Each structure stands twice: as C-alpha cells, then as structure tokens.
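Just so it is clear, A, B, C and D label the chains in written order, and each chain counts residues from 1 on its own.
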Amino acid sequence: MGKIKSLDDLKKISKDYKKGLDLREKSSHPEELVQVKVAMATCGIASGAKEIMEYLDSELEKRAIDAVVTQTGCMGYCYAEPTIEVTLPGQEAVVYGNVTTEKADEIIEKYIKTGEFVDGIIPRNYETI
Amino acid sequence: MSSIKIKLKKQDIDKIKEITASFNNEEHELINVLHKCQQHFGYLPAEVQEVISDEMDIPTAKIYGIVTFYSFFTMTPKGKNPISICMGTACYVRGGEKVLDEFKKELGIEAGQTTKDGKFSISSLRCVGACGLAPVVLIGEKTYGRVAPDDVKEILAEYK
Amino acid sequence: MDTIKLTIDNKQLEVEKGTSIYNAAKSIGIDIPVLCYMSMKDLCIENKPAGCRICVVEVEGRRNLAPSCSTDCQDNMVVRTHTPRVLNARKTVLEFILSDHPKDCLVCPKSGHCELQDMAVKMGIRKIPGEEIAEMSTYRLDTSPSIIRDLDKCIMCRRCETMCNEVQTVGALSAVNRGFYAAVAPAFEQNLEHSPCTYCGQCVAVCPTGALTEVDHTPEVMTHLADPKKTVVVQTAPAVRAALGEEFGLEPGTLVTGKMVTALRQLGFDYVFDTDFAADLTIMEEGTELLNRLSAHLKGDKEIRLPILTSCCPGWVNFFETYFPDLKNVPSTSKSPQQMFGAIAKSYFAEKKEIRREDMVVVSIMPCLAKKYECQRDEFSVDGNPDVDLSISTRELAAFIKQANIDFDSLPEGEFDNPLGESTGAGVIFGATGGVIEAAARTAYEMHTGKNLEKVDFEQLRGMDGVREATVDFDGLPINIGIAHGLGNARKLLDDVRSGKSKYHAIEIMACPGGCIGGGGQPQHHGQTEILKARAAAIYTEDKNKKIRKSHENPFIKELYSTYLGEPNSELAHKLLHTKYFDKKKKIIVNQ
Amino acid sequence: MSGYSMHLLVCGGTGCRASHSEEIEFKLRNELEKRNLEDTVKVLSTGCFGFCEKGPIVKVMPDNTFYTGVTPGDAEDIIAEHVVLGRTVSRLIYEDPSSKEKVPDSKKMGFSKKQLRIALRNCGFINPENINEYIAREGYMALGNVITDISPEDATRLVKDSGLRGRGGAGFSTGLKWELTAATPSDEKYVVCNADEGDPGAFMDRSILEGDPHNVLEAMAICGYCIGADKGLIYIRAEYPLAIERLKTAIKQAREYGLLGKNIMGSDFSFDIELKYGAGAFVCGEETALIHSMEGLRGEPSLKPPFPSVKGYNGKPTNVNNVETLANVPIIFLKGADWFSSIGTEKSKGTKVFALAGKINNVGLIEVPMGTTLREVIFEIGGGIKDGKKFKAVQTGGPSGGCLTENHLDTPIDFDNLIEAGSMMGSGGMIVMDEDDCMVSVAKFYLDFTVEESCGKCAPCRIGNKRLYELLDHICSGKGKVEVLDRLRLMSEVIKDTSLCGLGQTSPNPVLSTLDNFYDEYHAHVSDKKCPAGQCKDLMEYFIIEENCVGCTACARVCPVNAITGERKKPHEINQDICIKCGACMEKCKFDAIIIQ
C-alpha cells in the first residue's frame, strides 16, 4: 500500500473500492460473484462463527461457486449468532441466523445455488445511513 | 528492615529485563509491563514483581498495590483449564450464579482458587459481551453458551 | 494578587485565589472537622486524597456536597458548613468509618490521642446502626522492632502512604487491594521487617488512629527497675525535653528538662544522664573526622571522599544502607549519640563505678522509633549484651510518668547526674534540623583555626526549608555545608553525591521533617507545623541558656578524653565510638 | 435455479408467534396445496422483524410486499389475491401513521423501522480488517475535509452545534469538552478514547471497535486536530482481545496509508495513536481514574476540578471521550451538524446504542434515535419478554442506573428523561426483567458489583456500599425489620451526596430506584417475610399439598433435619421452624405433592 498524500488520493481509493475494486481482484466476473459476510465479533466467534466461516470458505470453493467470504463486525442479532449475510448477484442481501454447518450446507445448496429461501432468515430490522 | 533476597532462574530474570527494557523502563508503562509479564509467566509471583521493581526503579509495595488493585492480575497460577463464569447482569438474571455454584460444588473450590491437581481454576468475570448466550462460561479459549447447572458435569468431563 | 469574595455561614470574606474552602473557613474561625486531610506547608507535606468525606460542606448550586479540604473557593460562592444535610452526612459517613473500626478504645494505645475517637466524641456518636451485621475488614497484626501495624484500625486516610512515599521516598508502604479490603501495607502484605522500611516512624507520627503505633518497651524498663541487682541508667535525647510537656497539657515549646529529670529519678532510674553529653562526644569524633578528611582532601588525596555525611540519625543510616549502599563509605563512621552513650556507659562509667556490664541496664528516652531498631543492631552489643538495652519514645515516657501517678507539672526542677549528664549548647541543638552541623562547625572551626569563635550562632544553618545550604568561613577556608531533613530531601542531595556533582564538604541529614523534634516518637503534632517550630525554638533557647555552648569545652568530655579515650579518633575511640555500615539493598540472586 | 418463484416469509418472532403466526403459516401452506402451488411458492418462518406491534407479519418476496396484522383468516386472501392474481391485499398493507398512506413496498418503509444505525453504521457491513472497505464508506473523508478546509475552531463549533453528548455516562456536551481542552494552552495535549467498557451487560463499545475500528481512529484524529493534540491513546480493557487485535490492525493500516502519523494527507497535521490496557477495574471508566491507570498507577479517581481538560494524562490537557461518542463524530462532519441535530429529542441528539439483554427474546445490539420509548425498544425491537412472562422492570445505566417500571415504558429515552425517572443512560446496558426477578435481589446484585469494584479511596463508597449490600442481604434473608428501609434510603442518599467520584455518587441508584418503584416488594420482604418473586431462598417455604401426598414417606426419609412428619399412607407435614429449605424433599417427591412458595 502506498501512502495517501492528499485528500484527492483518498477520494480516488474510495471511488475505486466503491466500484468493487476488491471484487474485481478476486473474480473475473464480479457481477456474478456471491458475497457472504460472517459476523465475527466476540459473540459471533463465541457461538462458532469461525468454524462457519471456514466451512463456507472451503465448501464454496469445493462446490465451484464463484463466491467471496469475508468477515464483518456485529450485526446486532446476538440472539441468533452465528449470523451470516448472503448477497446473491443483483439481489438484496439476506441474513441467516443460528447458522450451523448443516444450515450452511442447506444455504449453499438451496439459497446460493437456486435462490430458494431457507428457514432461519433474520429480517433486517434497522435503517442505516 | 532487612535486606531481601529474591531467587529466580536466569532466563526468567532476563525475560523480565527484556520486557521492562522494551518499555524503556518508563514508570507510566508499568501496567503494560505487568500485562506482558503475566502473559509470559501466567501469573505475577512476588519474585517477578521484585525484579520489575528493581529494573524500573519503582518500590515493590507500589507494584504490589497495583497488582492487587486490578482484578486482571493474579499472584496465583491459574489451573490448566481456567474456568471463567460470566457474572454480568445478563448472565446473572439468566442464572449465572447457579452455574458458578455448580462449578464450585463439582470441583470443591471457591472462585479464585485452583484445584489441587492444578487442572482447574474458577474465576468469575464481568461480562464478556456475549449476552445473547447468557449464561456464559469460558474454559480456556472455549466459550460455552446458555449453560444450565445440569450441563456442568458434562462440560467438566470434556477436560478430565 | 487575585482575590475571591465568598460567603461562608453568612459571613462574607475575601481570600486569595486558590484558597480551599477549609482554609477560608479557618481564617474566620470556623474549624471544619477533617480526618484524612493534613497540610504542613512549610515542610512541603500535603495529604489531600479527599477520601474521608468528613469535611464536606454545602455549596449553593452544587448537586452534591463538596469536600472543603480540596475544593477551591470560587467567586460569589455561598458555603454552609453546618446545615442539617451536612451534619447528617458527616455523621453517617463517620458511622460508616466506625462500623469498620474496632471498638477497643479502652485498651488502644492511641486512646486519648486518637483523631477518630475525638471525632466520634465531637459528633456525639452513641451507637453505630447496623453494627450487628457489619463485616469488619481484618488484617494480620505486624510487629517489627520499632513499629506495630494494626490495620484493623486503618481508616485509609493515606497520610502514612504520603509520608512514606512522597515525603520520605522510602516506598515501604502503598495502598493495596481494592474497595472494602483496601489498606496501606508493605509489598505482599509482609511484615515491615521484610520491607525497605527505615523505621523513621513518620507514618506513626501522622497516623490519626491506632493503626500505626510504636512498640511499647516500658514494661521491660519496669522489669529492670524492679530488679535490685540492676543499675539502670537513663539517657534523654535533646528533642525530648522540648516536647514532653505537651503530653501533660503544657504549651508546645515548653522546656521541661528539669521536671523530666526529676520524673525519671522518681521512676527509679539509678542515674539520670543526658544524651546531649554523647552529642558533644559525637562532635568531637565527627568533627575530627571531618577535619582529617578535609585536610587530606585539600592535600590532594584522591582516595578521600567528600562530603562527609552525619550519621547520628538511625533512620537515615537505614535509608542509605538500603538505597545508597554504594555510598556506605561516605558517611562519618561515628556512632550516633545514643550508641556512643551506651558504649561509654558500659565501659568508662561502668568501670568507674565498678558495675559489671551484665548488671547495668542502659535505657534511652528518644523522640525516635528508629532508635529502637538501632539499639538492637548486632554490631552495637558485646557478647550479646547491647550497649543500649532499651529505647523508649517521648510518648512512652509520658505514659510511664502518668502510670506512676506523678504530677508532672508540679515537679521540682532536677539536675542531671555526672559525669554523663553534663552537656553544652552544642549538644542540645542536635534536636533540630541543622543543629548537628552547627555544633560541628563551632568545634571544627576552633580546632581548625585555633581561634576562638566569637559568634556561636550560625543562623544561616537554621530554618525549616527541606534543603538548605550555607558556606561557613573557616578563617579563609570556605566550607560548603548542605542540610536536608526528610529522607526525600536527603535523596536529592545523595543523588548528587552519587553522581559526583555534590559541591558540599559536609552534609547533615535528619530523616524526620524538622529533625528529631519532629521524630516518630514525639507527641503527635496532628499536622500542625507550628508545634514543630515551637519545639525548635525551645531547643535553641536551651542552647542560648547554656553556659558552655561548644562541645569541646565540656569539662566532662575533656576528662573522658584525658583519662580514658586519649584523643578523638584514637584507637579506643574507634573501638567504642565508631561503626561501619552494611549493604542492605535488595538482592536478586540467580537460581541455577 | 430453484423451482420456487415466490416466497412467503412469515414472522416467527415470539410476538408474532403469540398472535398465531404458526397457524398462519399452516393456513398459507394449506391454501397453496389446495391450488397445487406448493412447489412454486415456499412458505418460511423467519426471525423477528422488530415490528411486533403490527404483527403478525407476512412478507412476500420478490415483490417486497409487507403485510401487517395478518390473521389466520387472511391466509386465503393472500394466496388467492396476491399469489394467484398478483393483486396486493390492500387492507393488510402497512399504513404510515403520520401520512396515513399505504406503503406496500417494504423497501420504501424504512423510515418506519425503529432502529437507525449511525454509530454502528459500518458494523456488520464492512470487513473491519480492511481499511479500503472503510474508505469506500467515505472513511477518513471527514478527517481529510477537516484538516484541509476547516479551522480547528470551526470544526469544534460544528461538533458543539450538532448537540452530540458523551455516550459514556453523564452526557456532557462533546463539543464543549473539546473547546475546553482546546482553550487550555499547553505544549502537549492528548486525545484519549475510553474503551474501558465495564458495565456488566454492556458491549456496544466492544462491538464498535470490533466492527468499525477505523471510525474511532478517524474521530480521534479529528479531535486531535480540533484541540491541538498530536497524540491519541486508547484505553481498552484487556478482556477484549479481539477488539485489541482489530485496533492494532487498523492502526497499522492507517499508518501505512499515512492516515495516522506525520503530515496526514500532506497537511501540517500529525497524529498518532497508541493503545493502553486496562486490567479489570470498573472504576477506570471514570476519566480521572482512567488517566491514573494510564500513568501506571492504581486506578483511583481524583477530585475534579482540575478536570482532565486542564490537567490530565502526564499533567497535560487531555480530552477523554468514549468509543460510541467518537463513533458519531466522522459522520457528523460528512452529513453536517444540522442533520445530526435533526435526529433525537430537544436536548439529546442523535441515536443511542443499547445492549439489550436479560429476559427478552431478541437479545442484541440495537441503535435507536433518542426519544424512542422503552416500550418500542423492549416490545418491538426486543420482541417482548421471554417465555411469555410478564414484564416487570428494565434496568438501564448499569450499576449507576436504576430499574424502571411499566409506568416508564412510554417515556422517550434520552439523557434527561432517564435521570428524571431515577435511572440514567450510562453506557447503554439495558437489562429486561420479568415477574420472576426479585427487585431487592437485583439491587443486591448491583451493590455486590459496586462493593467489588469500589476503589476504596473514599469512605462512603468503600464502607457505605458494603453496608448497603449487607442490609440488602439482611432483607433478602428475611431478617430485616421495617425500619431498615428508612436506613437503606438514608445511607443511599448520604453515599450519593458525599462520594468522591461518579461510581459512588451513583452506586445507590439501583437501591433508590427499586425502593421508589417497588417499595411494596421491599415491604413484603421485611414485614411479611415473603419474596413475591419467589427468588429469595430464605423467604421460601416448602409445603405439602395434602391431596397429592400419598404418604410414601420418601420425603421424610430424605429430609436431613427431620422436619417432615406424618404417618405412613397419610399426608405428611413440614415443620417450618425446622426446615432448612434444602429442597431435597421436593426433588424426591414423585407425586408433585411438595411445592415452594
């Protein structure tokens, strides 16, 4: 990483990443990429989020799905940890709670592969700015 | 008054010196130094505090005053499997105290003590922030959520 | 100067900016009660944790009560010091403190001198609500050669901690633990004996309760007095006579030398002698040592270390043995007056009177608690028989006199016995900071120049500043003198000595602020500097009243040298009157 | 691709479930089956929508149609009209309460959501270990703007104008605090971030640091620019290893980008941040204690004044803000003071993050605009009380706060209202209690905490709180007399009035607020020797229900103190004077004949 030497430098980076620069780095077809975020704050990790993230990472690769799995902070649904957010290309993000490896498998097979919702959806209950 | 003699292994003395030197022996870094030393030794025995005192030129009494002020610092070695029971409010209202009592009963020790075989020690801590899982128990790095007193035997069995 | 106008209890007043409500109230005669607060400005001693919350007052417009000791006056402030809210709060807080305090006042060594007891009386406490279910914080009793710590009685005023750390820089005590079980204690809550404590006793001097007291040696003294086979000899230190009267209700600064002598005689001591005699002897030895070192130094002897440091103060000796052992060859090797006295009493005097060493008991009355430890040092005994058997403090003597039902105030003036009771004004001023070096200067000047010293008062060496310096003209030879009282001040001078930056030829050090008059064994001053000043003034008055004011002119000292010791620093003098120091620094040993 | 062309999401939150959402689900499936649509339309149950007052809720995807107040009887219409004919069932559509307009598309009804995430805006959205994701969310843009275009005075004024108040405790104006620190001349100043979150049951600061560390770093740099400091310190609990790791990573990345360090973004402004660790002392949340702790001392508070803004870390002017406060700062610069002050109530602007926990269904981290009512938080966002129990109290403000009751449920939450109600905002722990919680025990729990965490410096806190605890324990064990209640209040008031720092000045709040709001419960403990919630063991009595007892003698045999007597095959009796309430009899009884009350 180079130094940001001016406000303009910063704005450029911001613009690049808003356009999904990092996604382009990870995939040749960023528009077809499935994005999975795993809530990895303390409570998530305490409930097994790490294992879920590892599972998703390896399974998605094994099953040849063009996906990027990243960690993120607390989504706020402590009662339903571990929680993950899945964004299918062109669709609204969906949050699943109480994710076990079985549930993760079901999410991959049904939701990610076919778009079929499965049980365990946590409706987003907040507005963000 | 009498002159005090402290015995420690050379590598231990060197380690403490290395730690204090890494903070330039600056007095306001004392708490960071104690953290590092506890990380290394697992606890802060009197000997370690004496060497820190010597290196940083801070009276031992003052260091001891600090070690006993902060509940994170301990002068007794923890068990191989340190058990921490969350006593935050969320865990309390969901029965954390009963879980603590059950651990005490099962192991025959009080909070702050270590079993004779050195396998377990119990401590209560304030809110690990996993209130969604209340009551929460930590054993080493592993977290157990929604623990009921009935689960205690089973949990302990994993470590026996 | 900025001033502030405010109202306290409906009285308007104007104070300097930065004045606390407590001091402002005091200036108009309102004495707000305090427990933890202690301020001795002239000595740079301040303890202001704002912890006891007894001194709270109501300030208009403020949500909660304000601790008057540490709240500064503000313009137009309206303060009320005794509203029902204030009184209720003070009383309740005092009840809290008392609920965690033993109620054994009847047998407490501090009874009658206890600030907490006084406060309970003042507040009219008759019972402590909830006492029956109140847990007490309890601690292990710690007895050392000089000091007893009974932390059950600690009220966390933190005065001792301030003295030990900020004033004395000894660092033996610190606040430990947290919350209800917090207390002030040595590292690992070990005994003081296993700490770097110097037994200076300043913690005891300021403790408002019975948490810190001296070890009481009067029972042993009584046992010896009751033993007809024993000849019991007593010596009294200079500072005692300037303070003992306070214990009997006399004004601070009242000299009670004669009454004290009579009292001691009535108590049954066989010989009542004066440590001042030994102080004169100290000057002979130390003065000679100074001149010898000085002349060697002037001749270019690089082996000689200057400055010479006085060594009469046992707290100070303990301090440098622990913190400056590398400098242990710098102080004078002369023993302290207490120990010189013991050595002479059990040799010269015992031989003279044909008393066997084991049949003689030497008791010292000292303003000091470190003296108790000093007389127990191995090097100050012969075949297990100590030169000084017991040392009791001014306070213990007062208690002893009261026990014996002696009406102190009406006692006739007595005279010390001879030969060890005769002293000069130089010996007397040992009791105040700067006195030892002034006494030494009087003698060293005449020894060095061979001239008669016209003006014996070295005013420039006196005072209460923590570190003082003066240059004394030894007939063309300027002698740079440094003075420090309080170990924190001593440390400053010692650091310079260690780094070779010290410009002094001689330094006097006293462990206690004010010197021996402010010693840990003196009647409690409760933080009032005026008391120390009055005692110092008394000491200088006694000096002025003495016919002889130079140690070397003391006829009995002369006789001692001519008939027994030979000359100062002679072989016998070395054997009896000099000592050596030990390295007592903490050792870290590699465990293989 | 999936065979399903449509999904019907039925809220399975506890609130909706209580209003027969399961039956709705069942009916919907039934209706689909009737029309052979079960393979094209899938019915699912979801977590709580946080909209319980309008429940049960059915959401149709992909249309995003949001049906509220659905009854089992509506299932047929939803299937027949919406699914089959593609016509929305207008009577079930959400109506905006202010405009009275129907809002069918749930995407457009965001304003009706109870939660607004400002401080948490990046939490759960970006990867906290990737600075680029933060920058993509306008990260460090506020800092860039401030240091290139705005004077420190103007920037400080903006914070002041926004109305932002400290989120850690008393709610002091953040802008004013900055102004005071800026006004103290000194060659050296410090910005301190207070991340010593110690309230039991509060974890919002930890979540922010774990989820959005750069936000806090940026805010600290802005503060440094405003007050004239080039050094920042984060005092963080050692018990938060993950937050520490993420902060370290963030600081490293920011330094690599030159967003921390010398001459940030080519300007004259330099600023760097260091971590300092706490070591388990709640009192260190108090700013003077925190500063002493950072100096390597015992974390004992000292009297204010002097305030840290005049004499703080190393004796230099120091500005201390807590994590959540700082997390609001960058966005205020991006969106403006007016925008921020448009959210919230008259005197409390913006939002507040709460850690919602206790006997509540949706335990979680929530962020709501100031002025939201407790009812909305507990019964909407929180999904109501667990296991269908009755709401009894909500504790806010941790050990410094108080317990609020049903009467306070419609109080809009802000700094001043909570204080008026006898509690306080504190750091934002919100613990919900139900009918099984004994309020005397709850007060005792908090006092136990305070006693353990009191530093011991001042007498009222050190000893007074201990005495309060003992008295509460006395009451809980049934030994207290009615008079002790007055004593309890008197002691509480004196402790508040005389303690040195905020810890002691607020520690009796849990006692006072429960005394005020649940006096009857205290009274029952001391006069009737009864614990209405059935929590105080010593006040419980075991009884044998005559009708159920068959006289098997099992209980009598197991009783360790022979308190149970009775003839064989006849109902037994427990002698209450002897009974030690061990519960062995109840455990042994196979006929449910022994009860506790």
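The rule is short, and it goes like this: contacts are C-beta pairs under 8 Å (C-beta built on N, C-alpha and C of every residue); 3 or more make two chains touch, one makes a residue touch a chain.
The shown structure was predicted, so the numbers you read here are calculated from the model rather than taken from an experiment.
Ranked by separation of Cα centres from chain C, the top chain is A. A comparison of C-alpha centroids places B closest to the centre of the full protein. Between B-C and A-B, more contacting C-beta pairs join the chains of B-C.
Centre-to-centre separation between chain B and chain C, using Cα means, comes to 42 Å.
With centres taken as mean Cα positions, chain B sits 36 Å from chain A. Here the CA centre of chain C is 56 Å from the CA centre of chain D. Between the CA-based centres of chain A and chain C the separation comes to 73 Å, rounded to the whole angstrom. Within chain A, residues 41-43, 45, 77-80 each touch two or more of the remaining chains. Within chain B, residues 65, 69, 71, 128-132 each touch two or more of the remaining chains. Touching two or more other chains at once are residues 203, 206-207, 240, 281, 298, 357, 363-364, 455 of chain D.
Under the contact rule defined at the top, the touching pairs of chains are A-B, A-D, B-C, B-D, C-D. Residues of chain D that touch chain C in their complex: 281, 298, 300, 302-303, 305, 451-460, 462-464, 466-467, 470-471, 474, 479, 487, 490-491, 494, 496-500, 505.
Contacts from chain C toward chain D in the complex involve residues 49-54, 56, 64-65, 67, 70-72, 85, 88-89, 92-93, 96-97, 99-100, 129-130, 133-135, 155-156, 175, 177-182. Residues 165, 170-178, 185-189, 192-199, 318, 322, 373, 582-592 of chain C are the ones touching chain B in the complex. Against chain D, the residues of chain B that register as touching in their complex are 26-32, 34-35, 65-66, 69-73, 87-90, 92-94, 125-132, 134.
Within the complex formed with chain B, the residues of chain D that make contact are 198-203, 206-207, 238-240, 276-282, 293-299, 314, 355, 357-359, 363-364, 395, 398, 429, 431, 433, 437, 442, 445-446, 449, 455.
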